[in-house]
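Note that the chains take the letters A, B, C, D and E in the order they are written out, and that residue 1 is the start of every chain.
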Amino acid sequence: MAERIKYSYRAHEKAGQPPGTPLFIGRRKMEEVRVSYIRYNENLHEEKENSTPKECADLCKSSDVVWINIEGIHDTGAIEKIGELFNIHSLTVEDIVNTMQRPKFEDFDNYLFIVLKMLSYSDINTGMETEQVCMILGENYVITFQEKPGDVFDAVREQIRGCRGRIRRAGADYLAYALIDAVVDSYFLILETIGDQIEEVEDQVFMEPNPDNVSKIHRFKRAMLFMRRTVWPLREEISLLEKSGSDLVRKPTVVFLRNLYDHTIQVIDTVETYRDIISGMHDMYLSSVSNRMNQIMKVLTIIATIFIPLTFISGVYGMNFRYMPEIGWKLGYYAILGFMLLIGIVMLLFFRKKKWI
Amino acid sequence: MAERIKYSYRAHEKAGQPPGTPLFIGRRKMEEVRVSYIRYNENLHEEKENSTPKECADLCKSSDVVWINIEGIHDTGAIEKIGELFNIHSLTVEDIVNTMQRPKFEDFDNYLFIVLKMLSYSDINTGMETEQVCMILGENYVITFQEKPGDVFDAVREQIRGCRGRIRRAGADYLAYALIDAVVDSYFLILETIGDQIEEVEDQVFMEPNPDNVSKIHRFKRAMLFMRRTVWPLREEISLLEKSGSDLVRKPTVVFLRNLYDHTIQVIDTVETYRDIISGMHDMYLSSVSNRMNQIMKVLTIIATIFIPLTFISGVYGMNFRYMPEIGWKLGYYAILGFMLLIGIVMLLFFRKKKWI
Amino acid sequence: MAERIKYSYRAHEKAGQPPGTPLFIGRRKMEEVRVSYIRYNENLHEEKENSTPKECADLCKSSDVVWINIEGIHDTGAIEKIGELFNIHSLTVEDIVNTMQRPKFEDFDNYLFIVLKMLSYSDINTGMETEQVCMILGENYVITFQEKPGDVFDAVREQIRGCRGRIRRAGADYLAYALIDAVVDSYFLILETIGDQIEEVEDQVFMEPNPDNVSKIHRFKRAMLFMRRTVWPLREEISLLEKSGSDLVRKPTVVFLRNLYDHTIQVIDTVETYRDIISGMHDMYLSSVSNRMNQIMKVLTIIATIFIPLTFISGVYGMNFRYMPEIGWKLGYYAILGFMLLIGIVMLLFFRKKKWI
Amino acid sequence: MAERIKYSYRAHEKAGQPPGTPLFIGRRKMEEVRVSYIRYNENLHEEKENSTPKECADLCKSSDVVWINIEGIHDTGAIEKIGELFNIHSLTVEDIVNTMQRPKFEDFDNYLFIVLKMLSYSDINTGMETEQVCMILGENYVITFQEKPGDVFDAVREQIRGCRGRIRRAGADYLAYALIDAVVDSYFLILETIGDQIEEVEDQVFMEPNPDNVSKIHRFKRAMLFMRRTVWPLREEISLLEKSGSDLVRKPTVVFLRNLYDHTIQVIDTVETYRDIISGMHDMYLSSVSNRMNQIMKVLTIIATIFIPLTFISGVYGMNFRYMPEIGWKLGYYAILGFMLLIGIVMLLFFRKKKWI
Amino acid sequence: MAERIKYSYRAHEKAGQPPGTPLFIGRRKMEEVRVSYIRYNENLHEEKENSTPKECADLCKSSDVVWINIEGIHDTGAIEKIGELFNIHSLTVEDIVNTMQRPKFEDFDNYLFIVLKMLSYSDINTGMETEQVCMILGENYVITFQEKPGDVFDAVREQIRGCRGRIRRAGADYLAYALIDAVVDSYFLILETIGDQIEEVEDQVFMEPNPDNVSKIHRFKRAMLFMRRTVWPLREEISLLEKSGSDLVRKPTVVFLRNLYDHTIQVIDTVETYRDIISGMHDMYLSSVSNRMNQIMKVLTIIATIFIPLTFISGVYGMNFRYMPEIGWKLGYYAILGFMLLIGIVMLLFFRKKKWI
């Protein structure tokens, strides 16, 4: 399963370092750090794929909105250098390269620091995968740090390029909002996928429960646990961001953040509902299995119960006593066969009357 | 089941759109958008079935109270146009056409935005159906957006027509209150229906539990889960509305909202009680089934236990040893039959004494 | 069971009425509305059984304390007339005739409105019965509305008549306190009764569990659920009353309300403890039953297990092979009987050593 | 069990009395009310065993600290007289003689009223016993009301006599603190005892579970429930006392109360941990018993399963057909015995391979 | 198990001592008290292994930062003397020598008192071990009290020695922060270890559940319970420390404390997740075991069920009736064998069709 329960892969390396020492904690997912930027204002729009931190820092001196995207955070030296260029606190740098963060929001007067988690999910057997995205929101720039190439921000890029929505007219704060919104939207997609799969398993549990269901239910449970751990702090984070009163978040953007907050509540709501449903499914499974088992044992026991007395009767006439009058009767054999048949039928009728079969 | 666990039917389309883009999310339930209005003051009252947004917007310039009802929200273009006519924020328009909202209240200075959920329920097998109603409360008008024709507001219409209660003397805020009240009243009706059905199933569980009960209990659980998700945010919504301090809600109406809040608490209370009862029923069912099963297995096992030793005895006298004195006895056969009868009776008495049968 | 789970008996009639329309919701429990009053001050005391609302309203103009008791609330017209006489808000009148209220407190400047629930309980099979008491506390009068004759207020009447305690020296607020106190005291009585019954069932569960216990436990659970629903809002109600700061509650009475609040906490505490105990009893019952069942099945299975191998041996010597040397032995029969006895004993010893019997 | 679930022994007498009427509620535990006092300041120390309330009240006029201890509270008249001497509110007097109080703190300007519960515990079969201690903290005196002789305050007396610690230099508030501290310390002793016993039962549950464990676990659960009910309100009580801001509690004592509060938290923490552990033990017991039972049933069923086919074979050769070739074979008997042995061994190997035995 | 449930080893000695009397509560873990110090400022750094309290107290008069580490707290006299030298409240001294403290923070104007718990864990069978660390943070010194030599602070020492990070440039408050940080980091290490072990057991539970798993799960549960009890108050402690507003904590350090607080939240989050996972594992185990057991019983019962009717048939032809036509048939024996085979096969097919095997 991808949503590992292990807290950290390199906690043993981390322990012992002075606080504020950037140390990459996580799995290295790509080779080199790649820096790209998108710069835009209401009229122009410029993109560059392979840029350098220095070049980006210079861009930020203009009044345009600049979105600097950094892919790959395992090179702590490079990240530290970016930190210096943009005047970022050493604790923030430490947090950026530690992929084991919870979503959180911190206000460092000259910038806001936002930690997000991108989730990807396709199949319950492979489980959920997570990628940490850190965001620095400055006066007129947003810096995003991703673990590896590929993200859920293409839609935002399209909006900037195609000049759709209000993004080109708004500032860096709106860009930050749009990015967080893209992450939350991606959660809805995951919930949609997982919801379908849950319904599928649920139908199976009703129809023909099998042990495989248990492990699937167990995995769904775990995936929801994982998602919950991601979304609850996100909700708090957005609420703090909305209420921060920081100058970096302009008033019109606050309305959007409030809307985003509602979306997060919806995600939480859905996650909690799924959790309830999954837990109900487990109960259903147990009922269903125990019902089947009872059914089987009952039938088998009834068969045995019918034949045991009959066997006894045949045993009686198998005894070798010299003086057993019935033995000599002409129709004794048929009489006893009939008697046994009768007993069998009476027992069956009795069981049926009792509604046991 | 109607109360689908899937969050959204078109989340995959939604994701990627710039925020504020109205995109219909839901199942299309009717053909064309229909606009109707009721306009009234203390003295006059006027209704029109097939009106246009433009006409309605003009009406609102008078001092009369106007209730504009829009059925069908799948035509995002039409809704957007209405939004422009009434000066509605783009985020609100986006929310109106997204039927996956939770009940919520938002205060946009010039209007209040209220999301409600109408529920309909008849039978546990078909489950609960939901229809979203969005409400815009302006200075002297209320606009309601429904997914399809048919609603729970006929009583309000009757009050307006018949000039019953204080509705004709009060403003648009009272109209909004009356509409929310109608929705909450409809929840009571549903709870009444479902309460009767729960009691019915409960009696069955006591009398003769069958596997069908389990799935019904499961469905009741799910329906209550669903209802709870609807009513909890409603409670918060009404509380916010009551305390909003908006100029759009006049003081006399606040008393009514407080009363409505109490009703919502009552609904929640009942839902929570039903949940407790349903969960108790599941336990009862398990106890009941396990009790029956134990009873059956005990009887069957006792039958087997009585005959197995008897069969053994008959087996002994079925052995072919040449020198078995009892074999030759005149009354050996009868003696042994009597002996077996005796053993059987002793065992029965023993089991009875032990209270096993 | 009396503590019906159905929310309302006439929700379907209620729905559709304009808010503030008094509509009797409940079961009619008596024929005619009866109005009586007790009027007193430190020196005099006067009672009248069959009075009229008008007469009572006139009395209230004096400075004496007047307690007006109205039995029967199904006649909404009569109640409305009383409402007009005492200047009561239409929402309050609506609440008075709706017996499905939760205990609540509302402050309408000129009077306080208090909803209480009288409970009566004798036997777990008939369950709890509830009667709603609404109270209007005005400047120098208290009006109580009861569903039917008979209440828990006789002690208060005796105190007024006998001039016991401080009631005759205190105002209407103290009277209201004394009445609420009487209701809370009656809860203690019920808890005492039900506590004894719980202990009785608990002993049975330990000694000889039977299926009847389950349904009793189930009913206790339900009764406590019901009581809890009644007492929790009562606690809040008294707290609000104590802290209301209304002029209608004088300072010395606040000390008594604080004391009453403590009593309510005690009731809640006891109810919660009972709930814990009842839930523990259910577990005990399951353990106990499963233990007995295991015991029985074990003994039966051991009997079968001992005889099955012996039957096999006898079967072997029942075979008809021509050349079976043992058959011809003089003492073969006795030898084999002894051998079988030996095997039986060995098995018994083995089972005993394993602590299976 | 001593920790009775019944709320009150005489609720039925209490109900109907006007509030503020002292009525003894509890079990009478001694014959006569005994009044004793300890009076001290930094230099002198005086004790008297059989004093009178009057004498004590006179002592309090000096500036020395006076601790008046009253044993026996069933004589409501005597308690009322003390109440008058020390100017105590009638509600307080009522509370003192009602042994069914929860721990609570009340501030009556001229004195503080504190209710405590002394617990005593030795064995889980006799359960916990409780004795109520009420405390009145005045300017320079502390009055304690106990139900019967014998308490946990001997250590405090020794400190006063031996002039140990700061007690002789401090005021009445420190004395009150020291007494509450003694009660809390006694809880630690009980938790130590009960903790040892829980560990003992836990070992048994692991090693050889027996039904007796269940009832012990049940009793531990109940004892912890009881203790919890006692300690939670105590925590609140001490917190209120610390923060009361009453002139009767001097500043240096507040530090000690804060420390005492920490101790209460520790008690609660331990109680909650025990509850978790006890609840885990119940699960362990069920697992353990079901494991043993499964083990037994499996072995027995395997024995039966092996012999049933063998018996069938012997049955076949016990048939009386005239033409059965094997019957006539010289070594038929031995061949068939060998065959049966083979089948038995094969089945055993099969079961072993399947890891069933 | 090391995480003993007993609250205190010497509660019975403690009870009866006046408050503020230092009394060692815990297990003595070393012989003599050892005092060492590290003294540093930005330029110099000095360490001494065997120092005396007096010498340390003198050092603190300089403006350098001094970290005094005391190992061994069982010698209450020595601790009291240190308390006097540094002007520590007697309640603090009492707390230092009581190893049963919960993590807590107290602000005594001239110093801050911090209680921490170092945990060590290697194997679930030996369980968690705990060592209490008390910390006094003064103007320019930190005093740590440990139960025995060996701690998690070596990394901090290395930072001081190697002049790494900002520790040498910062004050005593930063040192205190660094020490707490080291403790929290060590929790991450433990969680990493225990997380691996949980995954291992989880795999076993899926593959081949055995009773040993139960006791391991039980121990994991207990260990997490224990860890939780340690970390929850720690979180509160750090929050209080951050918000204390004490002059002893300088502003730049507060940022670090906020970061530390986030780490604590992460620890709690992980602990809670593990708890959920462990509890899920228990359910998995039960499902898994019951599934296996059902499988076995089903197969065994099916074997018995097939042979019982066959044995009956053979019993019929073992009867000694004189007139049984089939007996005389030439091919009777083969016919009946064939018939029995047929019945066996039919039953097998029937069971297979029913999906019972």
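Some notes on this structure:
By definition in this document, a residue touches a chain if its C-beta (ideal position, glycine included) is under 8 Å from a C-beta of that chain, and two chains touch if they have at least 3 such contacts.
All of these numbers come straight from a predicted model, not from anything done at the bench.
For the pair subunit C and subunit D, the fraction of shared interface numbers is less than half, so the two copies use mostly different residues to meet.
Averaged C-alpha coordinates put the centre of subunit B at 43 Å from the centre of subunit D.
For this pair, subunit D with subunit E, the centres built from the Cα atoms lie 26 Å apart. Among the residues of subunit E, those in touch with two or more other chains are 297, 301, 304, 308, 311, 315, 318-320, 324.
Under the stated contact rule, the graph of chain-to-chain touches is a ring, a single cycle where every chain has exactly two partners. Remark: ring traversal beginning at subunit B, heading first to subunit C, gives the chain order B, C, D, E, A.
Contacts from subunit B toward subunit A in the complex involve residues 5-8, 11-12, 14-21, 89, 91, 95, 100-102, 104, 106, 208, 211, 214-215, 218, 221-222, 225, 229, 282, 286, 289, 293, 296-297, 300-301, 303-304, 307-308, 310-311, 314-315, 317-320, 324, 326-333, 336-337, 340.
Contact residues of subunit C toward subunit D in the complex are 152, 154-155, 158-159, 164-167, 177-178, 181-182, 185-186, 188-189, 191-192, 195-196, 198-199, 206, 255-256, 258-260, 262, 265-266, 269-270, 273-274, 276-277, 280, 283-284, 287-288, 291, 294, 297-298, 301-302, 304-305, 308-309, 311-312, 315-316, 318-324, 354-356.
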